[in-house]
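As written, the chain order gives the labels A, B, C and D, with residue 1 at the start of each chain.
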Amino acid sequence: MQGTSGPSVKVGIIGGSGYTGAELLRLLLFHPYVQVVSVTSRQYEGRLVTEVFPHFLKSPYEELSFESYNPEKISSECDVVFCCLPHRASFPVVKELFHLNPSLKVIDFSADFRFKNPETYEEVYGVKHEAKGLFTEAVYGLPELFREEIRGKRLVANPGCYPTSIILALYPAVRERVLDTGFPVIADSKSGVSGAGRKATVDFTFCEVNETFKAYALNGHRHGPEVAEKLSLSSFRFTPHLVPMNRGILSTVYFKSKVGLNELREIYRKVYEGEYFVRLRTTPPKTSDVAGTNFCDIYVAYDESADLAVVVSVIDNIGKGASSQAVQNMNILFNFPENTGLKLFSQWI
Amino acid sequence: MQGTSGPSVKVGIIGGSGYTGAELLRLLLFHPYVQVVSVTSRQYEGRLVTEVFPHFLKSPYEELSFESYNPEKISSECDVVFCCLPHRASFPVVKELFHLNPSLKVIDFSADFRFKNPETYEEVYGVKHEAKGLFTEAVYGLPELFREEIRGKRLVANPGCYPTSIILALYPAVRERVLDTGFPVIADSKSGVSGAGRKATVDFTFCEVNETFKAYALNGHRHGPEVAEKLSLSSFRFTPHLVPMNRGILSTVYFKSKVGLNELREIYRKVYEGEYFVRLRTTPPKTSDVAGTNFCDIYVAYDESADLAVVVSVIDNIGKGASSQAVQNMNILFNFPENTGLKLFSQWI
Amino acid sequence: MQGTSGPSVKVGIIGGSGYTGAELLRLLLFHPYVQVVSVTSRQYEGRLVTEVFPHFLKSPYEELSFESYNPEKISSECDVVFCCLPHRASFPVVKELFHLNPSLKVIDFSADFRFKNPETYEEVYGVKHEAKGLFTEAVYGLPELFREEIRGKRLVANPGCYPTSIILALYPAVRERVLDTGFPVIADSKSGVSGAGRKATVDFTFCEVNETFKAYALNGHRHGPEVAEKLSLSSFRFTPHLVPMNRGILSTVYFKSKVGLNELREIYRKVYEGEYFVRLRTTPPKTSDVAGTNFCDIYVAYDESADLAVVVSVIDNIGKGASSQAVQNMNILFNFPENTGLKLFSQWI
Amino acid sequence: MQGTSGPSVKVGIIGGSGYTGAELLRLLLFHPYVQVVSVTSRQYEGRLVTEVFPHFLKSPYEELSFESYNPEKISSECDVVFCCLPHRASFPVVKELFHLNPSLKVIDFSADFRFKNPETYEEVYGVKHEAKGLFTEAVYGLPELFREEIRGKRLVANPGCYPTSIILALYPAVRERVLDTGFPVIADSKSGVSGAGRKATVDFTFCEVNETFKAYALNGHRHGPEVAEKLSLSSFRFTPHLVPMNRGILSTVYFKSKVGLNELREIYRKVYEGEYFVRLRTTPPKTSDVAGTNFCDIYVAYDESADLAVVVSVIDNIGKGASSQAVQNMNILFNFPENTGLKLFSQWI
């Protein structure tokens, strides 16, 4: 939008008044080859984007208004649609959009197309899936693992925030078969509050979250099966926690490694060698190191006394865990260099 | 100090201008049987307590001043001394105080007397210990495990904050031998910032800590061996993390259990049946549930898919993790009911 | 409740599941002469208090359940009722309770009885008042100004949080007639988020409040007229701001003084000489100095260049700004020493 | 640095490891016409920038190291130098650099060249100034007021953070002579903690600042005279406060206006009509609306009852209050469009 040379991809955003929508709008300002032509919001329909998000005053979005969802309009005007709806709300929308415009590209933020088969989805989410035909088309949009599968697709299931941080922390060990699957793999993850979305609930009001820390979903969280499926882990434990901060996920991952520290680090180095968005760190990362960016910073440690590998990864939950990863996927779909518009670095403080 | 009936124990505090000292002063205001007669601070020597801690204006401390450390004075005036110095600074002080007054009681906040033998201490802390004669006298001041050993002693080594939260989360499983020691035990702990003490370092200034989360000491933290020794764990992994909040520790502990959820919960119930300060929870606890108190709240879960017990515990790191536990120990030493002055409940927000 | 000697006042709390109710429950644990016999909550009716507020586990409230509002029951069982409802919800309840039991005492947290006449109330709050008969009976419960008027009353209108902080900052200058009323008086106040109460709204969710600061109600806030009336100020400006913290109000008050710094300080000293809960400070106070307490800390400054008095006051908005002030009022109503159960000091951190 | 077309200005940064230096490095990544060739730090001399600021891994700064201050090198290599030193440290450095290279351009972040004459500086800062010859050359770098004076200069005194927010809030009323100077003007300002810089002091450690709010410098702050001089205010009161957040300043400014609300708003509209970086708001702004940007958002209100204008402004203290304003000044010095590299919008959360 800011740049004007090159091709121009027409972008639509469905459910654009939440945190992922706001972030998407912000990120696309850095992208030279896109133009946001439509953004929907049930809640703010008819209102200027800058009325709801006054931080966009003086931006190219000054003329843009939130629209009601109009599938005919959005499917005909757009080349790509980011669907920022929650699970169960996505699949009818995606189905409808493809019906109206089969050549549309859709990047879906929900869980509705993340699993390999609808049965797992229905079991994990307790919802009947009514767009099963699209399951086989959908690709899990974690480029570091599935880049080639993503190219040429029209439906990308953008990964969950926790799974992104955990899968990237484990992937080299799994791919290179040094993770001992005879032992449970444990992911102890900690997330900022924006992961809960922008909604009115007492549990996420300031006073209930500030100055406190908790574990939740101790008896099972839906992101557990997502990780287990993508990495084919048979024994996997995932515990999420809530950190009193806006953005960021840190996952501390424990597993039995068949190799020691040096070899393990070498494996991570090799696997992530060409990956712009993975930064192997020589010191433990902080979540703020990646806030507002698409980076995943990873630190590999090894505990001799317990004979355990300990890998720490950080992402921005609404960056690499949502909106910037979606832009990365869009770049792949449109054959742009993968970091187009994403060479962004966080504020130090 | 507030009440006046009953016996009056004369209390001295060494190193009283840090966070544990300030909390001790606050807590002792609720204790009917004590009188703070001396509080030392190298940094604030000669200044009124209320000048450094104006929140104590109108309290019984209005006349009290921080003194320089005078072993003769403090050992002769006091019945019990809380020594709030860092490790390596404590042992010469404790030695000197006992030399001057062998019947004094000392509750030491440092690591200097926590281990069973000086060799472990020297290895873990990299410091030569020069009061080894006192090692055999010292008792590890975790009343829920060592109550009977504490009675009648004159030297109590107040436990570390992380170890308190972790040991209480594991103890019933260890004591009742349902923790499978063939597998590593993992404690993933998260602490508020006050655990770093009250000192001037860039790393703990507001902007470096706020809105970020990190793991640290990934290659080993001194509190690991403390836990391993007290619970005789041969394979133990401990990872500490820093949470942007003032107070609180939450430990998420993972271990292989020989029994399932119901039996495990029943074991915890039985072991902690008479313990006032352990609250077994039916829902996952938040750190704020115990802030400012001596409680340790525990929630026991079980992950069927990974076949792992998951126990979550929360304490206030400068409460049960330091100052209020020290008061609990004092109550035992002086045969007061263990919760005297400690029937305190946190603010909801 | 904790102590057992002395008289026992039976307490009821209406609307006890919000922040002021939770704080009231906490504070009353320190009071030797009261017993909480009934606490109502529409939202949590029938549930144990400790289910909603697990931080009260092991407290005397373990047997207590939230009840639905039953005027017959509460008016017959209680000696005093704290009514923690919002404005407009209070007056019918108070009217009904007095109808059923004319000798009941009621301390009302809402604005419904704060003004001198119902007309002002109806104008400021835009609500028709239907218990006007009680207006003449009600007394504004700011003991430092109206102590004698409170004694013997049955209906106390507990002051607003902002007004408490502002009135106490201005009162000595007004009473001693050194405030020049020819110039506008300005109160620039900053409040923690708990002032907004415990309700589900997007505007007060963590991410919308954290890491940001704003002014609000710039075109007029209801607490302005409350201050102006109590101090008979003809020209008064009040601007509230929202601070990303749970508790605390700091008001910076500007006025033209007829006297200079020394004389002004002397006036404040004299006026507040016997007031336990007002602490005149020699250094600027922080809101945390009074968190969890009933203190109001005040610092008096004078700007020579602008020829303006600048007075800073801090309170805990749900302490002296709500619940602990209500307890102070109860103490007056029942002829207990005014600081009974309120000799509480904040945590340093 | 990212773009490569157009002219390339060689940039040096002195004192680049603090918060303003880090922000400058971040901002310059968006600037198409500059190249950072040298960045100094006494503390981190010889270390890679990415070692100190790992969030710049994968950025164009990967090869850059912090250097010791070498005036010959920096004055010969650079076209422009940003001097991020504290007051008193700047003037010898600036003097030396101009001595070595008279055609160098310097943007100085300190107070050393902000005043119109050295006497005011010496009085306000209590320091003898030893580069008085440069005073007449220096220009106060607030482009909205002094744009034309900045052009062609070689020494720009970058304004203080508080003064930037206050001056922009008052300027239209002063310029258009509707501010009644017979009454004191009051600026009640609130700043995030980064304003204190990146240094090790107990007062700014996390626990001392978090969950609390305070006023400071109640008896006079150096930024007061800076505002008074630039706006020729004879009676001006400035009170700074500390907000528990990283970034942002909000100033609430009170003055007697000779005109009412509508006329006043119209004046602000006209004066700021062509100013990209001033956004007149129709709703009160939050500091987060401008975090990470060079915007100053302003809301104009009017209190009928007190007959006072109330203007609220927000800036990012290390953006428009420091580093991005410095880039704006650089753009003017080099005749780039003023918002080059500064068309940045904050994150919503």
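Going forward, a contact is a pair of C-beta atoms (placed from the backbone, for glycine too) under 8 Å apart; a residue touches a chain by one contact, two chains touch by 3 or more.
Predicted model only: the values in this text are computed from it and were never measured.
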Label of the chain whose CA centroid is most distant from the centroid of chain D: B
Applying the document's contact definition, name the chain pair with more C-beta pairs in contact, B-D or C-D. C-D
Just to confirm, which listed pair, B-C, A-C or A-B, duplicates the contacts seen in A-D for more than half of them? B-C
Chain B to chain C: how many Å between their CA centres? 36
Expressed in whole Å, how far the mean CA point of chain B lies from that of chain D is 45
Distance-wise, how many Å sit between the C-alpha centres of chain C and chain D, to the nearest whole number? 40
Mark out which residues of chain D touch at least two other chains, giving numbers and ranges. 19, 194, 207-208, 210-211, 244-247, 285, 288, 349
Residues of chain A defined as touching chain C within the complex: 19, 193-194, 198-202, 204-211, 244-246
Which residues of chain D touch chain A in the complex? 2, 19, 22-23, 26, 29, 53-59, 194, 210-211, 246-247, 276, 279, 281, 283, 285, 288-290, 292-293, 295, 297, 343, 345-349
Of chain D, residues touching chain C in the complex: 183-186, 188, 190, 192, 207-208, 210-216, 218-220, 224, 228, 235-237, 239, 241, 243-248, 250, 252, 254, 284-288, 291, 299, 301, 303, 305-308, 310, 312, 314, 349
